[in-house]
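This structure is in structure tokens; I'll ask about it shortly.
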């Protein structure tokens, strides 16, 4: 993380903070909110995938677990959304701990398969436990956020916009701090040379457990926020499509760079939303994102941040 | 109990046969190239749709539909290898990159199918009508055909990779690419061969499944996930272990549904999976690496 | 007679039908420089990997370090216990700077924090005469010798009892080997026991106080370097029967 | 006599790390040459470049009048240039006999493969005894025998052996050296990489000393190093 990058991140934050004063229509703000949500999922995924080198393909399941935690708590147990949203972070962390048990010991493709299967099994459980989860129809009419008498939905989603931005900003700041900490450096060491890392006192298995849990917390929280914001929970959050979309954000943005996936998430969300408005593109937009990811992998495996890095002559990421 | 047990065992056998066909295709590509093909389920779906179009829309009959469906899957498989896997040979992160490119391929195929064929459910006619009696339990003749066909296909595959020149070259490439090249095997061509064969297996599974389930763009997703569980249980290393694990999982699933109901079966399967992996990181039948 | 710090008894390592290390036994004494020689493929590196548990310990036999069994210990625990090693090749974290690389060893290996880590890092880099101007450079951009110095510094930062070097001279020029020679003597002088394996014999003969020769995975002979190297069996192992 | 192999001005390496800096070696029909030199100085890289596993950045490789610099490894094998790699693990899960049969893979090697299999069995009777055993269960010496046996099954017109006696006991080493001498006697042109210079001198007509990615010295009968020189090369000056 160079000074330039830090300044850039700060400038971006300020810019996004003043957007609502110029963008006043509810739809554009909605796209921004969804983009912040995706960006939060993507940057946290980048912690385990890009920085930790852990082939975790169950990350979107942590998001889904956050969604259903908040939905079930608010509908079945009447818990306040203000508690249900952070609770999503806790259940996601517990799930991460469970999945970390086998993953800490596994190698290569088995990590991919187990984490992927984990996501799919979450889907199966949601579908089969219909009494609690609403099955294929999902849960609807979740309570909305309020402070006193103020409803967040008012003023064209003004408050939701800032809450979503705050969740993203906290994620990015925490992740950048992690990346610069000894823990973050140990992750890069384990990723690039596990034998050498182990021979310098780093427990590879322990770092893997830690990175999975660390990447799950904010992902679960933003999942809870997503459910409360949209007031629905649907099993689609565990599907292939969202996983492919978010992983393409990480890759197009440049794995391991934190800032890159955040930028890519904003750009891709706006692009797919714009395409969704065009007739006949509802399905094809997913194809276009998939093709874009393949093209980036072929021409610039380091992602967009790598391209910028080369243009600026700094050569290396972070 | 008897009245329930036999049909359950038959249904376990049927599931096991389908998983074995799917998982052996995945395992074939993995052992040859070290690539896990996430588009395998989508290839299966594609095979089923093409078979339906040729059989029903064009009215050319089931045999032509089968040939066309399997052929389409093979062509798509070879194209995936050429465009999405071959550019990354020798890359340090080839395994990870190909997970993503094949995942993207599966999205492209599935969404492409939605665009072309629309959301309406389709179904293929059965190969054989009527019922067969297995140990007093009535089973449809079509399902019996699957139960008989799967082991036959596996045996043929086992014979092919063990006894023929080109089959042996697949194994040689899988075990040591440099050494294989140095005895004159064309390694890239062998990769195409592996993808083509594996896609053929996906196509066969697709057309067989297309007449016992409704054909939707997501037809292949479910079996793919189950086949993944099979390869995690069995290890990806050998055909025998993969097939064995397929039947174990198929039977377990059928028995769990009988005892615990549809509700809890996925969770129990997953807990069993985690337990196996904590104690045997290379799968139930996998070798522990030295 | 000083005490043995590291003892191997009957250590064996097999890969399928291949026995890479056969019934190897020897002891390294506190404070000495112990050399291990042997032609290519004689099992030196495999033995090294067995001792440090990378990726696994031996198939048979016993390894004791400061009296404790370590043949089943995990590699990070072995380092924390005071046994550190270098690698022959591929040993870098390309994404980290020299300082960051060394700091990892201090943080995770010796439990140092904050200023203590920073001091230990500078001390280790100074000891290895690592150029101050290059300390914030990305590891990937360092020279071959720079990477060697860095790897030794990252091993020394946790103040190990014993430093194990895996063919440190490979790929180095003559002046660099001479510098390495000085460095090892200096490190030994501050009380670090050294176990060094090397294919190029010049460095080994110059620094070692005792020398063990491996051939076909087994111990061929052990003793005073100058005597050992004249042994007919050693000459034969290196350059063939016709020469002996 | 005409040139069988001509390697000229080869530059090659891995990624951005150059290993070979313009190597020239050649071999005439009916000749045997040796390569030696310190580890990590490019011998194996040179062999990988010749057999097409590695693409050189500069230079050409000509085999029997054909430019094979950019040919595929399988085409090079089909032309009869066979390379047995150092510490070749071959195909661990494949049986010995199966591996030998498969090695007669290229169309040219298929003719008369049974005769060649019999020859391999005569040369290495142990491979006949271990027929059904998997390669990974073989000992180090047996693996080397299998590796050479496979190379012979490819019907070599030029055989390249990379350190065929690496890590073997003196008895096994003697056995393999005798077998290699036997192969040379049958008139198969050979390139052998070995540490044992004196064995190379008995086997081959010429030697190349490869140092720092270059041919440092070409040695034939007239300028062969004496015992002291060889000792110096390995043990450093003044060791004796």
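So that you can tell them apart, the chains are marked A, B, C and D in the order they are listed, and the count of residues begins at 1 in each.
Operating definition for what follows: a residue touches a chain if its C-beta (ideal position, glycine included) is under 8 Å from a C-beta of that chain, and two chains touch if they have at least 3 such contacts.
Values in this document were obtained by computation on a predicted structure and should not be read as measured data.
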Contact pairs, highest-scoring chain pair: A-B
Label of the chain whose CA centroid is most distant from the centroid of subunit A: D
Mean-CA-position distance for subunit C and subunit B (Å): 48
Mean-CA-position distance for subunit D and subunit C (Å): 32
Inter-centroid spacing, subunit D versus subunit A (mean Cα positions, whole Å): 53
Shared interface positions of subunit C, touching two or more other chains: 15-16
Interface hub residues of subunit D, defined as touching at least two other chains: 92
Overlap residues in subunit B, where contacts from two or more other chains coincide: none
Subunit C to subunit A touching residues, read off their complex: 52, 54-55, 74-76, 78-80, 84-85, 87, 90-96, 100-101, 103-105, 107-110, 117, 138, 140, 154-155, 158
Contacting residues of subunit D [partner subunit C, same complex]: 38-40, 87, 92, 136-140, 142-143, 163, 166-170, 173-174, 195-199, 202, 227, 230-231, 234-236, 239-240
Subunit C-facing residues of subunit A, complex: 182, 185-186, 188-189, 192-193, 195-204, 256, 316, 318
Contacting residues of subunit C [partner subunit D, same complex]: 15-19, 39-43, 170-171, 199-202, 205, 216-217, 229-230, 235-243
Contact footprint of subunit B on subunit A as seen in their complex: 55, 57, 98-99, 101-102, 105-110, 112-114, 116-118, 120-121, 124-125, 128-129, 240-241, 243-244, 247-248, 251, 280, 283-284, 286-287, 289-291, 293-294, 297-298, 301
